[in-house]
Amino acid sequence: MSGNTFGTLFRITTWGESHGPATGAVIDGCPAGLLLDEADIQKELDRRRPGQSDITTPRKEEDRAEILSGVFEGKTTGAPVSILVRNKDVDSSKYEAIRNTPRPGHADLTYQLKYGFRDWRGGARASARETVGRVAAGAVAKKILALHGIEIIAHVTELGGIHAKPVTLEEIRENTEKNPVRCADLEAAVEMQAMIHAIRSEGDSVGGLVEIIGLGIPAGVGEPVFDKLSAGLARALMSIGAVKGVEIGAGFKCALMKGSQMNDPVVLKDGKITTSTNNAGGILGGISNGEPIVCRIAVKPTPSISKEQHTVDLGSMKNAKIRIAGRHDPSIPPRIVPVAEAMVALVLVDLMMRGGFIRTSFI
Amino acid sequence: MSGNTFGTLFRITTWGESHGPATGAVIDGCPAGLLLDEADIQKELDRRRPGQSDITTPRKEEDRAEILSGVFEGKTTGAPVSILVRNKDVDSSKYEAIRNTPRPGHADLTYQLKYGFRDWRGGARASARETVGRVAAGAVAKKILALHGIEIIAHVTELGGIHAKPVTLEEIRENTEKNPVRCADLEAAVEMQAMIHAIRSEGDSVGGLVEIIGLGIPAGVGEPVFDKLSAGLARALMSIGAVKGVEIGAGFKCALMKGSQMNDPVVLKDGKITTSTNNAGGILGGISNGEPIVCRIAVKPTPSISKEQHTVDLGSMKNAKIRIAGRHDPSIPPRIVPVAEAMVALVLVDLMMRGGFIRTSFI
Amino acid sequence: MSGNTFGTLFRITTWGESHGPATGAVIDGCPAGLLLDEADIQKELDRRRPGQSDITTPRKEEDRAEILSGVFEGKTTGAPVSILVRNKDVDSSKYEAIRNTPRPGHADLTYQLKYGFRDWRGGARASARETVGRVAAGAVAKKILALHGIEIIAHVTELGGIHAKPVTLEEIRENTEKNPVRCADLEAAVEMQAMIHAIRSEGDSVGGLVEIIGLGIPAGVGEPVFDKLSAGLARALMSIGAVKGVEIGAGFKCALMKGSQMNDPVVLKDGKITTSTNNAGGILGGISNGEPIVCRIAVKPTPSISKEQHTVDLGSMKNAKIRIAGRHDPSIPPRIVPVAEAMVALVLVDLMMRGGFIRTSFI
Amino acid sequence: MSGNTFGTLFRITTWGESHGPATGAVIDGCPAGLLLDEADIQKELDRRRPGQSDITTPRKEEDRAEILSGVFEGKTTGAPVSILVRNKDVDSSKYEAIRNTPRPGHADLTYQLKYGFRDWRGGARASARETVGRVAAGAVAKKILALHGIEIIAHVTELGGIHAKPVTLEEIRENTEKNPVRCADLEAAVEMQAMIHAIRSEGDSVGGLVEIIGLGIPAGVGEPVFDKLSAGLARALMSIGAVKGVEIGAGFKCALMKGSQMNDPVVLKDGKITTSTNNAGGILGGISNGEPIVCRIAVKPTPSISKEQHTVDLGSMKNAKIRIAGRHDPSIPPRIVPVAEAMVALVLVDLMMRGGFIRTSFI
């Protein structure tokens, strides 16, 4: 399992299991001179944290970030920034009953088969708790991007079959963090909340869509051929648990378009070369063109549901049934919003360093 | 542009421009003892080649593969396998007229902005010709996979709004290579061909969908957290020019599903643990579960169309119009089929080597 | 400073400054099923620790290893193993006086110039304390190697001009850890200790040589061309602070040898192909040949000496003089022994995984 | 054998065997806008080429470089630069007789054991011919460095026991390329040539030392901890076949020095911070300090000698004797000079890109 490091120049390594003593991230390649304290990280962790509202799991994860290295007198030094988050409120007892019955839709069985043995407590490394390290590191990436006038924002555009109407950038900025489903269409948001309460009482869960937008990214970011900005985003976003699809710009709709519809006309606007539409999602030939970067991800419904499901007992090797107790979000997209933002930020900082847009030694 | 290498242990580096003297790939990490000759590579290059049928570009690229290293007495030695394909039938004259007017939907402008200068002949490195190296290397990857009983097959499931009906594995194997649109539903294939002729006469182009299936992949392939099999596939497929979306298993449909629908029931079948559905597309927690790997990609319509389009003249910095002459496929999906297969094969060989499923020193 | 990760499949990331809150390492790619507890790591940290004897610095670093992830029920799970060591006994006051006067032979000036700013407390990331993470991770690597019958041992062969006489493997195993200078020639060890006491009272320091031997390594380890075993060892050992030279086998002596002397005759011994001498140091063409791996490193004298030295005051930009107070080892080689062993172990585990000699998913 | 790629941002992949059809290199990450033609590469290949003088092998390798990609209108485009060199004057017949008797001091046996099979013609991938790709790529690296006022020069300081007297930089520049042994001390050079003639007539070979100097390198190059400039140089130089030792600055002599002798005094000179000696060889804490970079490598005697040697017949598995006919340099150091320069140049360009000293997208 040598896949816990991400990035070439701005490189993060995350670690930690859901029911282990702690979780964290090491950021290698953070330039010196960045003002950074624990509050910067805490702010993002608080957005990711369970128990934020009545639609998320009632688990209370305090998720207090501690910076253990790489910062001196309030500024990064260029040395690795190690961030530690102790796991609190851990209760593994509910998992003992199902240690031999892999949960459908979960990684229980694949980990067991790959490693011949597994930490069966709460999903362990395959738990959503793994994203703590991503979000902590992403907070640092976002801070660097902000210095370059770049903003990454995400919002839920669809949940359990309820579609948000098209929204403006202002609505996204204004409304998203104001409601627990992180939907910028406030009317749809109300419906989504009601739907989640209903689905939870059924013991079921729902999926949805999240859109991530990058603003202020200069033209020229991305390294062809295999390290295209689009390819980096696809990998980064698909690496998030529960994500089953990634699209950029017009995405899957492009299959139904003609070239004359899909091609974004190139036009001068205030003396600047721009495009009058953005079906490309800000990326052509794998390189940013200066327009907003737009991606969308498909998030599957939470696999942990309390409805009875079919599985196999690994001890007796017989068909079995499982009901998952535990405490789970009935819908992941609202909490995946800060994770997706973090991943996009990490991809951008790394590729912007590679392309010379962000300095590597000091800010 | 340091992004032309792909893979960790089975590592390919591709090079070459559409109108340069040659294009090629170096495979680093091919185990010794693999029977390999130029015919193995030629077979796949011939599937990628333009001019295969009346629906593709009339350019004739002979695409003759030459192996320059790494093979001795018909077997690989463990040393890098360098494959060279000379570019023939190159005519750059048509591009002179448009060297200052970036083609909408193309990488012309982004390359110009990133590198401050560009080879304007036929797309250069951003041309579809870049995929020659991928397909050549993918041919070697496929040969290795075949030794492990693994097969990668792709087919067009949608083109210009025409959907293929659901097909069986047998139909895919039997029908796909028999028609120029590579659609396994032969009735839809006929419609698609007619539609392409129509769209070409309009001077326009269409997009489509390609599905890639991996069969025989053992459980346990993929390295969490960032090097998940799913993340690797997403990066690999999104790195192909013209691809704007990637989904795995139920993909974007999962946004509309409930957990009780999405979760694949785990069941015993002939004493083996399996799932009765495959919404996961063969991957859970980023690790293969032994079921078929299923991905789909959204391919945008060919950006080179002969209809008039808006662009900017980089010399005069004024709005301009462009009509692209050249010789272009009105639809990319049929020719992307072998490219997508190659990318999936490359991801699998690399991750199977990392996981110990394929030996690294000798076959 | 994106250089804190080492290895391709068995990959460590270290972090931490000498006077920060903690230091540590994350091991990514440790196979599942390895019995591991904190005592395994503590054992090696105790060998590295200052204050072990009267010849080392009187600083007392308790260096208590805490495993924060990747181990469940006493065994590794395949997930990253995060190891934390809190810094104790930190006294930064002595460094305030010299924050503007870079210490000759130290990284003070180069860090200042590279990062435009630096943590001036005790060398920070460039301190010998940085090796805590290497040794902790190396302890895990050694445990894996031991399962394959491989042993890595190092000893001091020269210190301050005193040469150890040639020693047998048994003497190295028997004597090295018994004396504070880690010299297997016990007579020389006594002289070395006396010499160190003298040099310390002069306010000066001495350099020396350390030899590292790898036993039981199978033939075939190492990946030509750039990832040769020899190249990996050279990088790994030269990356240790204070090391200014690395040689393998006959090393620098080979410059004075003829081919007929240098070439190790290949002979059968008990039906096994072996060599009757080992000038190659166990490596030919970058690949192990089954003989013992032998490397030697040149370690410079501790740069922190109390004698007056010339430097520049960065505030006033005038020539200045410096006397370094602090608490420092007058000689580094004895304490570099476990660090060098760790680095060799890390190189071997990684290349043995790449070559298929050590399994990557589970032990 | 996945080790044929070198570098992170300026990344080369080399390929080719001594008796295969060709050899070459792909440079990935060369910035756009560099003036480059085949003559730039040819110049360095001619320095590496055998048959340059009567002290080298009489083989005539024409070594004509062909650039196949990445250059347009005389300038690099940012796309990979693929360089091809056809192998000429190949005569494999002499090797048939010894295909079962591995040559002592060669990689024959280790390749056979690692890959279970080998190309036995002339050393194949383990031949000195492998360095063609390094030198070709190094020529490009040197051109980039020259734009930044950086010069890399190497010279032979010892050969077969004959030591060159200390020389000035001017003597190195003036004299090295004027004599076939590449020794800047012209008197020693004459002795060395006579010695080589003598040793050749004995059917034996000699080793030697080569010093490489980097001038004009700014302070701040190198990424601690594992990617130190010193560590990168050690890996790069030790990866050259026949190199058995690498040292930086005072190198192995530091073992005999006191701190007060080794530490380079920091002094102001014309308002610039400098050191009055250079025992550090221009590197402290793994980062350049602005002084000349100085490294030395120990080169073993050519293993191919015509004297009778002991080996084992792999067919009969009996002890055997071998006399190597072929055509071989009796001494490698003179021809390793351009190879060592190339490797140092490659390390520098890559680390200077990582540190932001050299631009990555365009010159």
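Read from first to last, the chains carry the letters A, B, C and D; within each, the first residue is number 1.
Assume a contact is a pair of C-beta atoms (placed from the backbone, for glycine too) under 8 Å apart; a residue touches a chain by one contact, two chains touch by 3 or more.
Bear in mind that the values here come from a model prediction, so they are computed numbers and not experimental data.
Asks: For chain C and chain D, which third chains touch each of them?
Replies: A, B
Asks: Name whichever of B-C and A-C has more C-beta pairs touching across its two chains.
Replies: Output for the comparison: A-C.
Asks: Measuring centre to centre with C-alpha atoms, which chain is farthest from chain D?
Replies: A
Asks: Using mean CA coordinates as chain centres, what's the gap between chain A and chain C in Å?
Replies: About 38 Å, centre to centre.
Asks: Using CA atom averages as chain centres, what separation in Å is found between chain A and chain B?
Replies: From the centre of chain A to the centre of chain B is 27 Å.
Asks: As a quick test, compute the distance in whole Å between the mean CA positions of chain B and chain C.
Replies: That pair's centroid distance is 46 Å.
Asks: List, in ascending order, every residue of chain C touching at least 2 other chains.
Replies: Residue numbers touching two or more other chains: 1-5, 8-9, 14, 79, 111, 114, 125, 220, 224, 354-355, 360-361.
Asks: Which label fits the chain touch graph of this model best, line, ring, star, complete or other?
Replies: The chain contacts form a complete graph, every chain touching every other.
Asks: Give the list of chain A residues in touch with chain B in this complex.
Replies: By the definition above, chain A touches chain B via 1-6, 14, 102, 104-107, 109-111, 113-114, 125-126, 130, 158, 160-161, 199, 204-209, 219-220, 222-228, 230-239, 241, 243-268, 271, 273, 275-276, 280-281, 283-290, 298-305, 307, 309-312, 317-319, 354-355.
Asks: Can you check the complex and tell me which residues of chain C touch chain B?
Replies: On the chain C side, the touching residues are 8-9, 79, 220, 224, 354-356, 359-361.
Asks: With touch defined as at the start, can you tell me which chain A residues reach chain C in the complex?
Replies: My answer: residues 1-5, 8-11, 13-17, 20-24, 26, 28-30, 32-33, 66, 68-70, 72, 75, 77-82, 84, 111, 114-119, 121, 124-125, 360-362.
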